[in-house]
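The same chain A turns up in both complexes below, where it pairs with chain B and then with chain C.
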Partner chain A sequence: MGIPEIEDAGCLLCFGYNGADSHPIVARRIVRGKQKGMKIICADPRVTETARISDIHLQLKGGSNLALVNAMANVIWNEGLADTRFIEEHTKGFDEFLKVIEKYTPEYAEPITHIPADEIRRAARMYATTKPAMILYGMGVCQFTQAVDVVKGLANLALMTGNFGGPSMGIGPVRGQNNVQGACDMGALPNSYPGYQNVTVPEIREKFEKAWGVPLSDQVGCPITHVPHRILHEKDEKKRIHAYYIFGEDPAQSDPDLAEVREALDKCDFVVMQDIYMNKTGLYADVILPATAWGENEGIYTCADRGFQRVRKLIEPEGDMRPDWKIIADISTAMGYPMNYRNTEEIWNEMIDLCPSFTGATYEKIEKYGGVQWPCRDKSMEDRGTPYLHKDGIFATKDHKALFYGTDWHPPVELENDQYPMTLSTVREVGHYSVRTMTGNCRTLRNLEDEPGWVQMNTQDCEKMRLKKGELVKILSKRGYCITRCLPTDRVKPGATYMTYQWWIGACNELTTAKLDPISNTPEYKYCACRVEKIQDQEWAERHVRELYDDIRAQMGIDTGKGAEA
Partner chain B sequence: MNYFVKGNPDLCIGCRTCMIGCVVAHEGKHIFEVDPDSYSFNPKLHMVKTARLSVPVQCKHCENPACMAVCPAGAISQKDHCIVIDTDKCMGCKSCMDACPFGAINMTVQTGKFQADGSEKKVANKCDLCYGLPGGPACVRVCPTEALTLVTEEKLGEAMEHKRMEAARNTYRETHPQE
Partner chain C sequence: MALKQVQTTCAYCGAGCQIMFTVDTDANKIVEAVPADGRTNAGTLCLKGHYGWDYLNDPQILTKRLRKPMIRKGGKKSPLVEVSWEEAISYVAERLGEIKEKYGPDSIMGTGSARGAGNEANYLMQKFMRACIGTNNVDHCARI
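Moving on, here comes the complex of A and B:
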């Protein structure tokens, strides 16, 4: 499937994905689809912009994803809505899967998900009977300790209804960051070389050793979310991390449990930060390497739909900065492995020749067609890539059959309790992207929203605590606290709070938990227990926030001549 | 007839690009070159979000504007299909703000101008349909989902024609239920 096909789906199941805030340009496709008559089912604990225009809004309790997905599968099977021919011809493991979902009747799922059983039935029927049906899922699926299981659960729904291998169907991960797909494609993962070639397979390792002329490790590397532990608590001296080279990332803002991250960065012997502006991680760096921004770079991004796209330079960078690839080449050369690329195309050509599934995606082809979706194996202009990964129900397994994979739901790790009676989930807001390194420096976006950000709370909860819109509040978890503004809204359910993670003052990652999904190693950003406290002296709080902001800006060397608006 | 900009909540994704487009159109591109704290950010329309609704709200450019009627300074007038405020004449009395039934007027600081007590001058602020600016209302042009429309006499006429046609068809259906 491709992003443009969204608007031609018969039915869209939008699961834990808030397009309007994360990707307004994808949200545009959803809005257009609605205008064309597409049915929308939106599973989200908040009334998002997509939920607002949906035909069915499944406003589930946070952390109950798999119970809902399994219950929808249960209904589809028990009401005879499954595509039995597709299951028989193209899949394996269905009987074992049935055993798992047997108990997930809508009545069983109702108290877990807080969605009436009949609403689950209605949604399952709509998804199974409206063709073609597409699934989009976002961080509301991925940022849980039970994340990969839910992705597989959603794939089960698409499999059992035969929604694979054609236009406007299938299951689409809409990524958390731009070019996450590209980073994974290029092997920025602990277990693979570019093109998803496993580091533990000897033939693959030998191929890369020969191409690069150096011996390579046959061990899986360290996931980014394990780094703090490997710096602070690793007993084996050989495995302990002493140096941390970070670029285009701000773990001191974006990683969970910031107190632990700060301790790790502090204890780490050597930290290198490579970014376009100063950020919180930079405060712990021994060396800062200034890099160019998007308009000053060229290269290739991969879109969420596996499409390679060219990125072109708009302006020449001014001052003492270089593109990331040049910095990497220089560091490598200085460390004894000379890299002498003249441009990004040379790097790209070396890479595609080592990756069978990317070999055909030349600059020329991407230029000519505007984009190429991998796999694209042949350099001839006739091979235009692969819009449908599982075309005609042929899957990328040895016997070309898809595997059903059923698991039981389990609750999130840290549940509400007496001391911390509410839940916190981190979310996005449309104006500010990621850790605000870019958009926090964009003046009109800063005019719309600035420090210390907001905590979204249900109006009833606010009334109980006598909190008004804009009032500064303290929000705490077992791990830390921050100060932010209260935003009463009926778009969220009582007992739940939501904060965006980019603010330096209202830094919700002070509160989040570093518990991980066992397969993806992604933290449970979407669920932890918290408490909101009223601040009686608002004047003090306003002053305090302004001081904190000025202090951070001063530490970062930002000119505060005119003073900051907190 | 006065024109007005209308938002469609079925298309709006609440992104507020319209508000930024509005400020850039009125302040001029120089705001990208000056100190970020030295210009005033005064959008002339406001995003409203309720539990199930997102849509920007702005001046309706009424045919008999309550704001114009109450303005003691004669600062509000009708010009080329829209109601505009002359900020030089505006004395900041807030009567228009009070009179407007849509909450479309707010008070804003005028950068670089000062009032009697030495503080920056505050004036009434509302949508002027980008009066005097090329290309028509900026909010309509920048909206990524085309959720905003400039409603002109002609467009309104076409819509009314269409609605009358539908009404006539419905009347026919009501009297001929078997067809």
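Moving on, here comes the complex of A and C:
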């Protein structure tokens, strides 16, 4: 579905998605939907802004997503609210799915999810009987070791209620970063060429071999989240990662278990960093290649609803920076595989002719219409793309039928224990972005929040520990610790803590676990065991934080008046 | 002061908001950002859309803009030394070539970028890893 369709849904199930912080302009559509009479069910452990305007807030215990989703399916089936005609005509695998969800009665799910059985019933009824119903999900679904199963579980809900194939229905991930969708579309994935064409299918590989003029590997590549392990622990020399070419990412700040990431970058024979600002990863790079930034170059991004849109040059780069595509092409040419392109449009034209779903999305069309949502298969100006997928219940499978996929819930990997009695989940900051090298260098935005960030804790927990708002605390997990400020709030449940991941000093990824979902290889950023400790000497702590900040800024090349060096 | 107006897509989240910028081409500076009537944002912007472009001015708050290629000539932990693009490109090509020769293509990992670089650069990065290096070891930070 498209972002503009949100406000016209009859019912919105907003699952693990905090639009107000991560996508304020998408959240605006939710507010407008509410004004138009849309029912809102919000499944989130925190009282988010969406929860505040919801009809039903399912404030579930972190890590219990699939138990809740399966219980909603159980209610929909047992109360006769399923769309049996849609199931029969457009889907497969329903009987096997029923066997899985049979035991997930609301009473069974209640102790797992901490949601009263009748609330689950009320939510399932509202979702199943208010048409059209749309599901939006975010990182509160994806950043768990059981993530893909929950996405499929949400798709099951939409399938069994016939909520596919028309406007303002279906399920949609709201992509975090500006071009997550685009990086996937372009095949920056270990198992897929551009256009979601699998590297293990011989006919597809042959097509790309012919176009690129070289034999290609038929082995699925290494997921990014396996890299530290493949550097540190891989025994096979041919599989051990010896060189790491990092382009527009900062794993030494954004990846889980930072101590392990630092060790891996340190031990890797050759690390290349291509970026716009100095960052934590740069401290471990053997070579730094300065790229032009957004605003200094041309290209196309894909937004969360599959929309290709142009990015345009605003100003000339001041310095010896080069566009990313040019740097990559020059290295390739120097290694004996020539890449000669004059501009981004030439690259784009090569790409769309190799990807049937994108073939029709020419620069000309994107310019003329302001954007094109793929699939767009035909170059004629009449094919303007596809606002929503699976029209009329026709799915992108061989027999055009959708598949039910039921799995059992399992708990997160690292549970609370005597030593680490609380849980930590990482979340977004509204005014800052990702590793903060962009927003932290914007004078207006840096005034909104600064180091060392906050840990959100329930007010009862704070009272028990005699912690006041703004007090510096130490937060620890099995893997590491950091210092941050305490933010008492009733928006979070007792026993749970939340930290935003922008901060160098309050760096929550010192604590997070690198355990992964087995299919998506996404880390469990949303759940690990932690402990909060009071710091008695606050004066020392404040001084310590200021010193740490100065030291890191000096490492990043900022003149802090203390003889800093790059 | 010569002014021009340019519409572009916001650099931050996946909402894909359209912004109209006014640029002073003599000074090579952005003067103003106002919301444009994009399909998804319909004339609205959030804080980051309104104010998130100031990093292009390199105000030296948090980190320093990278402006010249650099190499640690003395190995790990040695200082970064500014070099020409020719030297940087041939050094990277040489080192990657040696590692590929010695350990094979699957010993090299490359990343795409879900941020500012855009689709064309991601296409080239995966093509470089697959066709030039010879491995499917390419991935980026975000996934479903």
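Note that in this section the second predicted complex is superposed on the first by the 560 of 566 C-alpha atoms of A that agree within 3 Å, B and C clash if a C-alpha of one lies under 4 Å from a C-alpha of the other, contacts with A are read in each partner's own complex, and residues count from 1 in each chain.
By our rule, a residue touches a chain if its C-beta (ideal position, glycine included) is under 8 Å from a C-beta of that chain, and two chains touch if they have at least 3 such contacts.
Since the structure is predicted, the reported quantities are computational estimates derived from the model, not experimental observations.
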Query raised in the report: Given the superposition on chain A, are chain B and chain C in a clash or a fit?
Result: fit
Query - Touched chain A residues, chain B compared with chain C - result: C
Report task. Based on the superposed arrangement, let me know which partner A:379 touches: chain B (first), chain C (second), both, or neither? Result -> neither
Report task. Mind working out whether A:52 is in touch with chain B, chain C, both or neither, as first, second, both or neither? Result -> first
Query raised in the report: Does the superposition put A:431 against chain B (first), chain C (second), both, or neither?
Result: both
Query - Touched partner set for A:448, first chain B, second chain C, both or neither - result: both
Requested in this report: Mind working out whether A:249 is in touch with chain B, chain C, both or neither, as first, second, both or neither?
Outcome: second
Query raised in the report: For A:24, is the partner it touches chain B (first), chain C (second), both, or none of the two (neither)?
Result: both
Query raised in the report: Given the touch rule stated above, what does A:491 touch, chain B (first), chain C (second), both, or neither?
Result: first
Report task. Superposed on chain A, how close does chain B come to chain C by Cα atoms? Whole Å, please. Result -> 5
Requested in this report: Would you please give the residues of chain A that touch chain B in one complex and also touch chain C in the other complex?
Outcome: 24-25, 28, 430-431, 443-446, 448, 565
**Report entry** Residues of chain C that touch chain A when the two form their complex
**Finding:** 6-18, 21, 23, 28-30, 38-42, 44-49, 51-56, 58-72, 75-76, 79-80, 85, 88-93, 95-97, 99, 102-144
**Report entry** chain B residues within the chain A interface of the complex
**Finding:** 9-17, 19-20, 23-24, 31-32, 35-38, 41, 49-54, 144-145
Query raised in the report: Of all residues in chain A, which touch chain B in the complex?
Result: 19-20, 24-25, 27-28, 31-32, 34-35, 47, 49, 52-53, 430-431, 443-448, 489-491, 562-563, 565
